[in-house]
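What follows is a set of structures to go through.
Across the two complexes that follow, chain A remains constant while its partner is chain B and subsequently chain C.
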Partner chain A sequence: MSDPKKLICHRCNRELELRKVDFSYLGHTFYTDLPCCPECGLVHISEELVRNRIAEVEMQLEDK
Partner chain B sequence: MADRHVLRRSWSVCPVCLTTVPAERVRIGSEVYLCKTCEQHGDFKTVIWRGCLDFDAWVGEEPLPLQHPRCPGGCGLCRDHLRSTCCVILNVTDRCNLNCRFCFSDRSHNSTDPSISELTRSLEALIDRGKTLIQLSGGEPTVRDDLPAIIRAARTNGARYVQLNTNGIRLSGNRDYVRELAEAGLSFVFMQFDGTDDEVFRQLRGRPLLDIKKQAIETCAGFNIGVTLVPTLVRGINDRQIGDILAFATAHSPAVRGVHFQPVAFFGRIPRTPVDADRITLDELMSEIRIQTGGRIREEHLLPSCCDHPLCGFHGDFVIDRDAMIPLLRRGTSPGRCPDPAAAEKNREFVARRWLRTELQQGGAGECCTDIHDMEYFVKKVRENGFTVTAMAFQDAGNLDVTRLRRCSLHVFDNGRFVPFCSYYLSGWSHENAPRRH
Partner chain C sequence: MAFLHELVVDCLQFERAFCTAACPFCLDIRDFVGKLQQGRFNIAYKTYQQTVGFPGIVSTLCPEPCRLVCPMKDAGGAISLRLLERASMDFARTRIPDQFNMPWKPRRIAVVGGGISGLACALRLATRKYRVTVFERSDRIGGHLNGLIDPDLLREEIDRPFTHETYELKLNTDILSLDSLDWDAVYVATGSDGPDFGLALNPDGAFATNCPGIFMGGSRIGHDTVRAIADGLNAANAIERYLKIGSMNQPDEPQGTRLIPEAIRIIPGEAIQPGNGGTFSKDEAILEAKRCLRCTCDKCNFHSPLMSYFSKFPKRITEEVEVTLKPSSLDGHATLATRLMSTCMHCGLCKQVCPVDIDTGEFLLASHRAMRETGKMPWAFHEFFLRDMAFSNHDAALIQPPPKHTPCDRLFFPGCQLGASDPDLVIESYRFLLKYHPGTALMLQCCGAPADWGGDDPMHRAAIGSIRTAWEGLGRPTLIFACPMCRQMFAKYLPEIPDEFLYGLFEAEGITPGIRGGGGTVSVYDPCASRHEPHVQETIRNLARKAGFRLEPLFMERTMAECCSYGGHVAIAHPPYAEHAIRKRIGQNDHPYITYCSNCRDIFEKSGKRTYHILDVMFGRDVSGRVQPTVSERQTNRMHLKHRLLRDFWDVETMNAFETPLFLSDELKRKLDRDRILESDLKTVIDDCETTGRKLFDPVLNTFTGHKRIGNMTYWVEYRLKPGGAIEIVNGYCHRMRIEEPGHE
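Now for the complex of A and B:
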């Protein structure tokens, strides 16, 4: 991640750790490393990732 | 005798005199026919579906037939037309450096080309700045030495994409010419490519051309110009090479961006009046793609056209990853968008996204992960090695259906009008009846 700030799970008060996370869309599954809470599994998805990578994956998979 | 069941009423033309006549889509056994009667020339019946796929599911819902269609006589876009322009064709010459057995544009090889100033006026009139995908066509457009200037004029006037429809002969090994085209702003090339052996080219084009085609692909690749291969499929000549053409194309990804199949339609220059056995229907083509690719591409990976009528074409979207061909679309899973008034614009962006080569595709350095399920790798591969399998089934005097024509988004620009492709090139079959020209 480009953001050097620590991310803390608001519920468990644990620092998030990079873990492999699966995404499914229209029958396809992808993974990428994202900050996750080691306790409860909460995943932090940055706005940058949503606006760039995830939006592009969606566009590439969607029919015209 | 098989049951005869009328599926829909529509309108067509008499193949002889081209008069608009009532028509019916009729299911007979597992096949579907377009049936019509001309008071002067009699009954006509043309196969449009062979029952390899469920016809009703493929076609979906359609608007009610027109009561008194003006189509196709005097066609330009009118209030009854249901689609805006996706791609617009501008013919820059009638001349050609081949003399093919089949040619929808059966024009005089000695005619005078429109001048660059005439073409510029057309470009100014037809281009919707920042949106238009223009196809430069002919004849063979590369017989013009000033083609780079025409491309530049299209770009200057705001064309978003400029596509060249060509047989590839002049591009082959001619780096200086291709460089000029690229620098002028050419986006991508649609190249006639009928088979993987020279016998096919001899029969369809009159001379061996395979090496020329291969070299044209290589020359275009040198300037990052994507090439989509366009086979005209003719029964008994190259309909057994569908799998070979796809294998050739995928082996040449990313230089080759896809294959655009065109089952032969019988307009313009044709060797003889067709019979049903000459026709390759869309469902038959999809079935053959599955059979001839050993199931790598299956019918479920190919979706009906939204931009045009479902009987006019299909599209499949894939990623080539080493030896694998990964389908991105699946019928029943991918959300359908029909009917969508913005279908033409969506289609334009979809095809351009695949047919364009991006700067990223120049090199392949430093891949840390090569698993297609890795999001970063997937995005990189789909940009670089995205691959389309598409088809367009043009209509001729035998199978022209006004219901389909009304949804045409491929338009020829001529004399200030946008004319649906199949209406523009429609020609009668008898020798006495001169082809109608706009």
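Now for the complex of A and C:
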């Protein structure tokens, strides 16, 4: 991700920090560090990440 | 999936070419000519030499039975194999065979008769390092060939293949009884006038006699010269088999082929004549080789969009599907062919063109279902369309008896996508029907195709069941279709329902089309589901002509109709493939198309090809400024249609609950459409954010960001709250992976 936005959790009024986030798809599980609310854990995934790395991994798992 | 292997049993892909089947040596001419086509004379010669043993002799004497069966014989002249064989000899770097360093085998074989059949047997066995002794009663080898070929040349052609091989030759040795021979095996090739030692051929084994270890072939058993050479080579195989396993009852490999002329695409071309009158130059040989069709059945691969795009034949597809259904990987999760299974458009063209009726599409459909049952099919490939089907069969569904309590004798089933594309066409069609057939009821519902393609049996059964119930409730009327795909689905799953096409009624009532073609040229694009509907195909052409259009046939039409790419909903599973298919379909000519499937029309229009629906023509609709509806608009169109139909024909007002208070730029609408993101889903995410407060704030842009999982997709929306409660959507995107967030879905 380039130039991450400064986002604030609306409920906790806290700036997001990088935290480990778990994912699952088609029976596979994995994790990565993403901006999350340090209090409630609300995560943010940018469109750039969705369109590139996430789309790529999804396709790899579908063809595995 | 019991029919997994049965599917390809009849496939002709690996059948011998006609020429190979006719060749006494079963020379793999596809392979031989393929090498010549590339100018690889040396390797082509080796193929030839290893197959026939004595190339110089065979190419001189072969009567070329291949010419009689060559499909090119009536398309410019049969391929001249003799001259091509000659060219491989002339232009090979060397005609000396390769030398292989193999150990001697301890078994001893006697060959009785030094004619060409015996020598062929000796050559093959000596090459395999058996100890061979040839007994010849005269003072020279070659037998009857000495009268046919110059003796010096004959000797040279016989000796060359033996360059690196040794065998013992006993001339002037007349064998009077085989009992005197103490050998591991014997090949009797004593010629047409030679002794047979009282042997009889054993029909159960190749070249086998009624005596253990003794084989017989060549002119002695009535074969001509070329066949006698082939006998010698093949008898060597039988002898080796006997030496290894002691059995003589294995028949010769069956010759012939199941290939049929209909399987071959003939490309006519005049035969190349040798410039020097006798033999080919290198270039001439290559040109002649390139005329060869290298006959094989590739009809499915040539025509099927899936097989041609992926360069796969049915056998390969079944193998890949099998390892996907029964994963052989260590973790048991290998799903090699899931995308392939979801990339079939189910257009039926593969079965249509297959000379033996192999239905790979039906196989892929069944395998898709099996995969879904295992839970390993990526749902993302079909979920959007399954949700769309659920919308059609719930929110947008409508079943109404004929207006004004008229007894019901017909039921109009326009299909879900016609109304999604253009509600006016459904309304105008129904108005027309009521004018001539007031007893026509109406059903807005999906025919079940998305669930069928997606392998979702429970959903499919439910859809079919509800249609049947409604039809029975209306007194079993005749169905009137606008969509060939609906018609195809009904024919398959609801065959008891009588039906007809809307278009035939236009013709029957003598309706004049509203658009005047003015002699302009168009092509009728037959939807793939109309493949076996010649009547409606002709009706559409009649209506188009009546509108004043001049019709130019398409290369792929009628029984060869191709899918526009909508079938099977392949666009999500493999977008580049769908795009490739569309480009091919619309590139057939530069004229506008007239079609009778709203999906064909919408897909082609979206790609810039002017395409009329026949209903546009009939109702005189101006389509020049038409903008294709987005995926969201296709849903609101269906709701508008339901609302207007109820209001206009049954005087029923419904709440207009589908109006959305969202503001989006046109650019964002197009982007969401491209990604198949519904504005209603984004609204669901926003509602969740506003209710729970689970949202992120961007103080720079003054926007909120939130996400929510709907079905199996996670949707993200960036939005701004406007004064007065309005919402401006700034961005939306989605992904298939699930974020593991305990307590939040």
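Structural remarks
Please note the rule applied: the second predicted complex is superposed on the first by the 59 of 64 C-alpha atoms of A that agree within 3 Å, B and C clash if a C-alpha of one lies under 4 Å from a C-alpha of the other, contacts with A are read in each partner's own complex, and residues count from 1 in each chain.
Going forward, a contact is a pair of C-beta atoms (placed from the backbone, for glycine too) under 8 Å apart; a residue touches a chain by one contact, two chains touch by 3 or more.
Owing to the predicted nature of the structure, the values given are computational and were not obtained by experimental measurement.
Touch criterion met: A:K5 reaches chain C, while chain B stays clear of it. In the superposed pair of complexes, A:Q60 makes contact with chain B only, with no contact to chain C. In the superposed model, A:H44 lies in contact with chain C only, and not with chain B. Looking at the shared chain after the overlay, A:F23 reaches both chain B and chain C. Judged by the document's definition of touching, chain A residues 23, 26-29, 57, 62-64 lie at the interface with chain B and also at the interface with chain C.
Considering their complex, residues 333-336, 338-339, 376, 378, 380, 693-700, 704-705, 707, 716, 731, 733-741, 744 of chain C touch chain A.
Residues 5-11, 16, 21-29, 37, 40-45, 47, 50-51, 54-55, 57-58, 62-64 of chain A are the ones that touch chain C when the two sit in their complex.
Contact residues of chain B toward chain A in the complex are 303, 306-307, 315, 317, 328-330, 333-337, 343, 346-347, 349-351, 373-376, 378-379, 382, 386. By the touch criterion given at the top, residues 23, 26-32, 53, 56-57, 60-64 of chain A touch chain B in their complex.
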